[in-house]
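Everything on this sheet refers to the single structure shown next.
Note that the chains are named A, B and C in the order they appear, and that numbering of residues resets to 1 at the start of each chain.
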Amino acid sequence: MSALRFTKDHEWIRLDGSVATVGISDYAQEQLGDVVFVELPEIGRKVTAGGEAAVVESVKAASEVYAPVDGEVVAVNDKLGDDPALVNRAPTGEGWFMKLALADPKQLDGLMDEAAYLNYIAGLA
Amino acid sequence: MTATGPGTTSGHRGLLFEEPLIFESGTEGRSGVDLPDPPAVADRLGGLRRRTALGWPGLSEPQVIRHFTRLSQKNYAIDAGLYPLGSCTMKHNPRLNEKLARLPGFADIHPLQPVSTVQGALALIDTLARWLKALTNMPAVAMSPAAGAHGELCGLMAIRAAQDARAAPRRKVLVPDSAHGTNPATAAMCGYTVEAVPLNARGRVDLAALRRALDGDTAAFMLTNPNTCGLFEDEILEQAAAIHDAGAFFYCDGANFNALVGRVRPGDLGIDCMHINLHKTFSTPHGGGGPGSGPVTLSAALAPFAPVPYVVHDANGFRLVETAGDAAAGLAPLGRLKGFHGQMGMFVRALAFMMSHGADGLLQASSDAVLNANYVLARLADRMSLPYDGPCMHEVLFDDAFLKDTGVTTLDFAKAMIDEGFHPMTMYFPLVVHGAFLIEPTESESKEGLDVFVATMRSLAERARSGDAAPFLAAPQFAPRRRLDETRAARQPVLRWRRSNHPGEAA
Amino acid sequence: MRYLPHTPADRRAMLAAIGVPSVDSLYRDVPASVPQKPRFDLPDHQSELAVERALTALAEKNVAAGAVPSFLGAGAYRHHVPAAVDHLIQRGEFLTSYTPYQPEVSQGTLQYLYEFQTLVADLFGMEIANASMYDGATATAEAALMARRVTRRNRIVLSGGLHPQYRDVTTTSFKHLEASVVALPPDPSGGERAVDAIDGETACVVVQYPDMFGRIADLTALASACHAKGALLVVAVSEVVALGLIEPPGAMGADIVAAEGRSLGNALNFGGPYLGLFATRERFVRQMPGRVVGETVDVDGRRGWVLTLSTREQHIRREKATSNICTNSGLCALAFTIHAALLGADGLARLAALNHAHAVRLAERLARIAGVRVVTEAFFNEFTVVLPKPAVPVVEALAARGVLGGVPLARLYPEVPSFADRLLVAATETNTEADMDRFAALLAEVLQ
C-alpha cells in the first residue's frame, strides 16, 4: 500500500506504469457514512488536477471527487453501480473509482505519501 | 405487505392500523364515483384513443375514506401537539381561514375569467399586498412566487435585472455559512457564483469578513434575519451600509419574519428585497409539504423589475398586467415565474390571519413567539448546551456538547422526543454548530404546554448524561414505525408500487 | 386574541423565569436607531364574525364559475370534486403537518406520496414520478432544466403549441443560464415542424399534449426524431383528465412529462395553488428535481417509506442542487391521490369520455352559428373557434349576460394580432346540455 499517494481532499492515487487508479481514502468513506451512489465520469474525459471527476453520495451528503492529477479517464469501476457499498468495504481496493492515463506522472510527487496523509488527517480531528 | 405485528392476527394493534397501499386493496371494475353514461358521439380523438392500460385501482367511497383516515393517523401534526421545527414556524392554522378560502367566490373562480367578474379577488390581492408593504415598510411586493425558494429566485432575478439594466452586471452572491440551502441553490439558478461569509464568535455575520468579501463584482448579500442561529443580526445597519457602498443589494430571507412582524420593519433595516413565507409567518397550513406562498417585497430600485402578473388599479377598477408588453412605461418586468397569478388560496388564508390579529395582535404574536423561545432557552440552558448567548429571537439553538461521551447523538435524542409525544426540532441545521437542535415553539404554545416540553427535555438530557443510552438508541418505540433504513432506500430506490415488487402479496 | 394562549399572568411568570422585565428587553440586539413597534395604518384585531363578513363581501364581488355556465380552460379546467376529497384533506393530521422529515411520525404523508408517485407515473405511461412541484408551468421549466443536465446540451426548443405562460416561465428560468431557448411561433393549424428545429446541440423539444389550442397529435415521430439526435422529448400536459381517454405520452416515447394536475381533487382557486406533476424514465432518476419518496423497511423489518435521494436537493447540494425547490404542493397532491383513488381506472375513463362527448357536442352546436368556425380537428375537451368579430368584447358581452364563454386567445397572446378573433372553448362533465344551449344561443345573439 505504500505506493498510494493522497490529496488533501482525501483521494488516493496509485500508479501502475503510465496508468493510475483513483479512489477515496478510508478516512473519507468513514466521514461520508454508507455510500449509496457514485457518479463516474465517461471514458475519454480529460480531467485536470483539482478538477471535478466524480461525485460520491451517502444518505446525508454528496461530495465531489477531484482528480489528483491531470489525465484522461480510460476506465471506470462499473461494479460501483450495483454495489456502491464497495467504497465503504474496500475503499483502496475493490472500491476504486477510475483509471487515468496520466499526462505527467511527475505530478504525483507533489502529493502526500501514506505517512504524511495519516499525519494530515490526525490534524483534522 | 408486512402485515404481522406482534401478537395480533390482523397485524393491527388497537388503534394502530397497518394499512396496505391502494394498489393492494383496490379491485378492477369498482369505482367511488358515479358518472352518467356519456352521450353517444362520433369521437374526434384523431385515432389517439388510449390503448395503454391504466393501473389505477378501483375502490368504493367508504374504502377510500377509511384508507386515508388510517393514513392520517400515522402523522404527527400541529393539531396534535408541539411541532417545534426551527425556521419552519409551525403555528396554529385557524380554521376560519380554511372556511374562507373555500368560499365559491374565491375557490371556484377561473384565473382567466374577464377581470370584470373577479374584482373581489383582485381587491383581495391588492389588500394583502398593502398589509405586506406596511408590515415591511417596503414600497412594492411581487405576489406570484409559490414558496420561499421561489421567492428567492424572484428576488435575485430582480436584483440581476436591475444590475444588468445599468449595464453593470455582477457575478457573485455572498451568503453566510449559516444560510439555508435554498440560498446558494437559488443563486446558482441566477447564474451567480456563491461565496460564503463566516460567522463571528457571537453567531452573527463577521462584519469584517463581509466587508472584505464585498467588491465591485458582488451582486447581493443574502441574509436571514433573525438568522438561523435564532439571533438578531445586531450589526445589520453596518452590513447594509457596507453592501450599499459596494453597489450591491441586500436580500433578506424572510423565513424568520415571525420574530419581527408588527415590531421591526425590514425596510428600516436597509433591506432591499425580502421574501415572506405566508405558510410560516401568516399560518397558511403546511399540508405535509405545501402548497406555500412566497411574496417578495421590493425596494424602489427593484420594483420596476417585478415579474408579471401584477394587479393595478385604474378608473375602471382593478385589472391584471399579465405580459411584459402590457407593463407601464418605465417598468421592465423580469419575466414570469408561475402560471396564472400566484397562490390565491393562500392569499385568502393569510389575509384572514392578518385581519383576525390586526396590527396589535401581530405584535402580540411575535412578542409571544420570542417570549416562548426565550422561556425554553432559560429553562434548558443549564441542562443542554448553548453555542451562543441569548437573548434569542423566536427560536433557540442548542448544540450537542451536552451529549459529549454519552453515546447519544442529536438524532437519537430527537427520536426519543418522538416517544415522549413531541415532534423533534430542526436538527443538524444550521451547519455552523455541531449536532444542532433548533427549537421554535411559536406563539401558539401555552405556558402549560411549554412546561411539559421543558420538563421532558430536561429529563431526557439528564437520562442521556446519566449513561442510560439504550432507550435513545432504540427510539422511537411508540411510533407507527421504528427507525427506517434510509441507506437501503437510497441504494436501490423503489419509488413506485409495482405488482412485481411484492410477488404474491397483492390483493 | 383568540389564537394566543398566554394570559398576562403567564407572560409575567415567563419573563420572571427568563429574568428580564419585559419582552422589549429581549429585543435589545435591535439597533437603537431602528424604530420598534411603529404605528401601522392597519386595523386592529377583529372577531371571527367580522373577518368572515369582510372577506365574504369580497368573495361575493366575484362571479363563481359554478354559478353560471362556464366554458373556460386554457390550462385550468373546472371539474366536479367529490365531497370526500375536501373532507379528508382537512383532517388536521394531513393539513397541519410539515414536510415528512421525521419518517417514523410521517408515514401517512409518505405513504400517500408514494401512492401519488405511482398513480402519476402510471397515468403518463412513465416509469417514475416525483412527489409534486408548484404547477404545470414551473414543472415544465424544471423539465427543460433537467434535460439540459441529462444531455449536457444547451439548446431548448419550445413548440408553439405550448401554453404561453409555460413558455414564459421556462424562458425566464433559463434567462441567466448559458443556454438558448428557441420558442417556435404559435400555430393553431397544426402545421408546426418541430422536427426541423432539432440539431446536435438540442437538449430537448418541449411539446404540449393536448396542445394550447386543444389539438391532440401523435408524438411518436417527434420522439424518434429527438432520440435520433440525442435530444429528449418533454411533454407538457395541462389537462390530466385527457389521459383517461388518449394515449399517454410515455407510450409515444416521451422522456419527461411535466403536467398540471389540479384538475383532479383541486379547485380552480383563481390560478393557485395548483399541482405540478413530474414523471420520467428510471434511468434519469438522479437528475430528477424535487422531493421523492422511496420504500424501505424499519429496524423490525416492517415496510415503510422515507424521503430519499435527498442528496440531489438544495439542503445538501446547495449551489449544485438539481433545483432550488423545497416546499412543493403536498396537500394538492393528497387531493389528487384521493380523487384518483375514488375514480379508479374505470372512473377516470368514464370521466374523460364524458368530457370529450360534451366538447364534441358543444363544438357541433357552435359550428352551426353563422360565421363561427371550429378549427381544431382532433381534440379532447377543448378546441379553438374563429369568430366573425374580435373575441375579447364578445366574451365581455357574454359575461354581462351571465355566461363565461371561453378564453380569448388575445388575452394570452397580445403580441399576435391574427389571434384577435380566436376563442378557446372548453367543456367538461360539469356543463349541462342546457348550459351548452344557452352558450350557443347567447353567442349567436352577441355576434349578430
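We take it that a contact is a pair of C-beta atoms (placed from the backbone, for glycine too) under 8 Å apart; a residue touches a chain by one contact, two chains touch by 3 or more.
Note that the structure is predicted; figures quoted are calculated from it, not measured.
K.L.:
Taking chains as nodes and touches as edges, what kind of graph is this: line, ring, star, complete or other?
P.N.:
complete
K.L.:
Quick one: which chain's Cα centre is the longest way from subunit B's?
P.N.:
Max centre-to-centre separation from subunit B belongs to A.
K.L.:
If you tally the C-beta contacts for B-C and for A-C, which one comes out higher?
P.N.:
Higher contact count goes to B-C.
K.L.:
Using Cα averages as centroids, what's the distance between subunit A and subunit B in whole Å?
P.N.:
About 38 Å separates the centre of subunit A from that of subunit B.
K.L.:
Take the average of all CA coordinates in subunit B, do the same for subunit C, and state the distance between these two points in whole angstrom.
P.N.:
Those two chain centres are 19 Å apart.
K.L.:
What's the distance between the Cα centroids of subunit A and subunit C, rounded to whole Å?
P.N.:
44
K.L.:
Show the residues in subunit C shared as contacts by 2 or more other chains, in ascending order.
P.N.:
311, 316-317, 320
K.L.:
Going through subunit A residue by residue, note those that touch at least 2 other chains and give them in order.
P.N.:
Each of 36-37, 57, 59 in subunit A touches at least two other chains.
K.L.:
Going through subunit B residue by residue, note those that touch at least 2 other chains and give them in order.
P.N.:
486, 490
K.L.:
Along subunit C, where are the residues that touch subunit A in the complex?
P.N.:
Answer in residue numbers: 286, 310-312, 316-317, 320.
K.L.:
Within the complex, which stretch of subunit B touches subunit A?
P.N.:
Per the stated touch rule, the residues are 486-487, 490-491.
K.L.:
Any idea which subunit A residues touch subunit B in the complex?
P.N.:
For subunit A paired with subunit B, touching residues are 34, 36-37, 57, 59, 84-85.
K.L.:
Could you pull out which subunit A residues touch subunit C in their complex?
P.N.:
36-37, 39, 57-62
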